[in-house]
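Think of it as A, B and C in the order they're written, each chain with its own count starting at 1.
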Amino acid sequence: MDWDFIVGHVNYWLFIVLMMTGLYIVVAKGNLVKKIVGLNIFQTAVFMLYISVGKIDGGTAPIFPTDMKIDPAVVYSNPLPHVLILTAIVVGIATTSLGLALIVRIREAYGTIEEDGIYQIEKDIAAEEYRLHNELKSRRS
Amino acid sequence: MTGIAMTTFIDIVLFSMLVATAIAIVRMRSLFAVVMLAGVFSLLSALLLVTLDAVDVAFTEAAVGAGISTVLMLGTLALTSRSELASRPAGLTPLLVVIVTGAALVYGTLDMPNFGDPNAPASTHVAPDYIAQSPAEIGVPNIVTAILASYRGYDTLGETGVVFTAGIGVLLLISGLRRRRREEGDEE
Amino acid sequence: MIRHHLILRVITKMLIGPIMLFALYVQFHGDYSPGGGFQAGVIMAVAFIIYGVVFGLATVQQVFPPWLVHKLLALGVLIYAGTGVVSLFLGYGYLDYGAFTPDHPEHGQHWGILVVELGVGVTVTGVMVAIYYAFAARTPAISDEDW
């Protein structure tokens, strides 16, 4: 592990730190809106990792001069990740809003957006159903 | 200081701000503050994307992440609740999961090419062709637009379809079109 | 409806024009500078959303009624997919823009990119505004005093 290797890879590791912060929010926090924010952080970190793969040393943004007189000495960064991530961001907000809409419906159905609360309600419903089931069974026999 | 080391330095400064924002999001109870910090996070990441030469992506991230997504999240907060309840203490399990996953990912980066390496596999396959051919074949200065709309037109058609489908999904879930129609029908 | 602060209302009215103009610039200048249909659609939607946030949902829905939004978000995908169908009927591949000006394929590419980006922009505007309408039309669970 020499110095060049560390400088060349520290970027990726920092993106991974950000990703893992997002993942931690998703796993550890019970609030559904916060989980969505965590997913967004994770998503943005993945986007930046992708873009950083396409960066070329000494390169510039992949746009030619308007008059199309292209200087062959100019290095352009890889435009392909840019295209993929650009569309992914807009798709990301569309799916995020779908998640938020689901949260709104969950709140209307359960009265809470905390995971623990929803789990508790589900458990109560299941226990009630189990009780009814046993009652019916004992009546039949 | 070479160019790439300078970029790395700027990246690290922006990164510490990003990580600080992310940690603040983890610790905040007030969801209003969380949503605002998410907007800050988006703007900072847009800055970072500019240093990585992805101006189109930075533009999109700033418009979408700091604009639309903040509005939608605030709309959700108005419909649900404003602060996070104190839940069960998370314990060590999430931290363990995160550390193990992170370690696996770091292990995966070890055989990746150096940051900014012009000979990286990602930059030697089709990308040079796109850059070399697009002035003659497409004649559009912005290579990103040329690839987006022409070389990878099918791809973008699919993405537009996904955006469309997600919009229809939200409308079906919460627009209340059917309920309103039913109520109007009851009155008649 | 709550009437917001005077400064907010005046500044919003001043900003909406430039925002829409900028959206159109980003839309049609996407070949030359950063931008394109996705960004322009979002910016255009922001113009309507800021109007709705400050002046109320009913006001913005008079300008941009929901039925029109719902038609637009389908229309955009139709424009995109339709471009491909047109090039098919001209005897070229699906979404091969060379079909539009057979003797000068480069110009055809320009036209194709312009039309396709317009389709993307229309869909994204429609989807974002429709999502905003859907959220804003629900009765809030939190009263204004709680904020």
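Here, contacts are C-beta pairs under 8 Å (C-beta built on N, C-alpha and C of every residue); 3 or more make two chains touch, one makes a residue touch a chain.
Note that the structure is a prediction, hence the values are computed from the model and not measured.
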item	value
Most centrally placed chain - per-chain CA mean versus overall CA mean	B
Busiest interface, counted in C-beta pairs	A-B
Approximate Å spacing (C-alpha centroids) for the pair chain A, chain B	8
Chain B-chain C separation of Cα centroids, rounded to whole Å	20
Cα-centroid distance, chain A relative to chain C, in whole angstrom	25
Overlap residues in chain C, where contacts from two or more other chains coincide	32-34, 36, 38, 42, 124, 127-128, 131, 134-135, 138, 141
Residues within chain B bordering two or more other chains	55-56, 60, 64, 68, 72, 75-77, 79-81, 139, 141-142, 144, 148, 156, 163, 166-167, 170, 173-174
Where chain A touches two or more other chains, by residue	61, 63, 66, 86-87, 89-90, 93-94, 97, 100-101, 104, 107
Sites on chain B touched by chain C in the complex	32, 55-56, 58-60, 63-64, 67-68, 71-72, 75-82, 136-142, 144-146, 148-150, 153-154, 156-157, 160-161, 163-164, 166-168, 170-171, 173-176
Chain B to chain A touching residues, read off their complex	3-5, 7-8, 11-12, 15, 18-19, 22-23, 25-26, 31, 34-35, 38, 41-42, 45, 48-49, 52-57, 60-61, 64-65, 68-69, 72-73, 75-77, 79-81, 84-85, 87-88, 90, 93-95, 97-99, 101-102, 105-106, 109-110, 112-118, 120, 122-123, 126-127, 130-131, 135, 139, 141-144, 147-148, 152, 155-156, 159, 162-163, 166-167, 169-170, 173-174
Of chain A, residues touching chain C in the complex	61, 63, 66, 86-87, 89-90, 93-94, 97, 100-101, 104, 107
Chain A residues within the chain B interface of the complex	4-5, 7-14, 16-25, 27-31, 33-34, 36-38, 40-41, 44, 47-48, 51-66, 68, 70, 75-98, 100-105, 107, 112-117
Contacting residues of chain C [partner chain B, same complex]	30-36, 38-39, 42-43, 45-46, 49, 53, 70, 73-74, 76-77, 80-81, 84, 94-95, 97, 105-106, 109-110, 112-113, 116-117, 119-120, 123-124, 126-128, 130-138, 140-142, 146-147
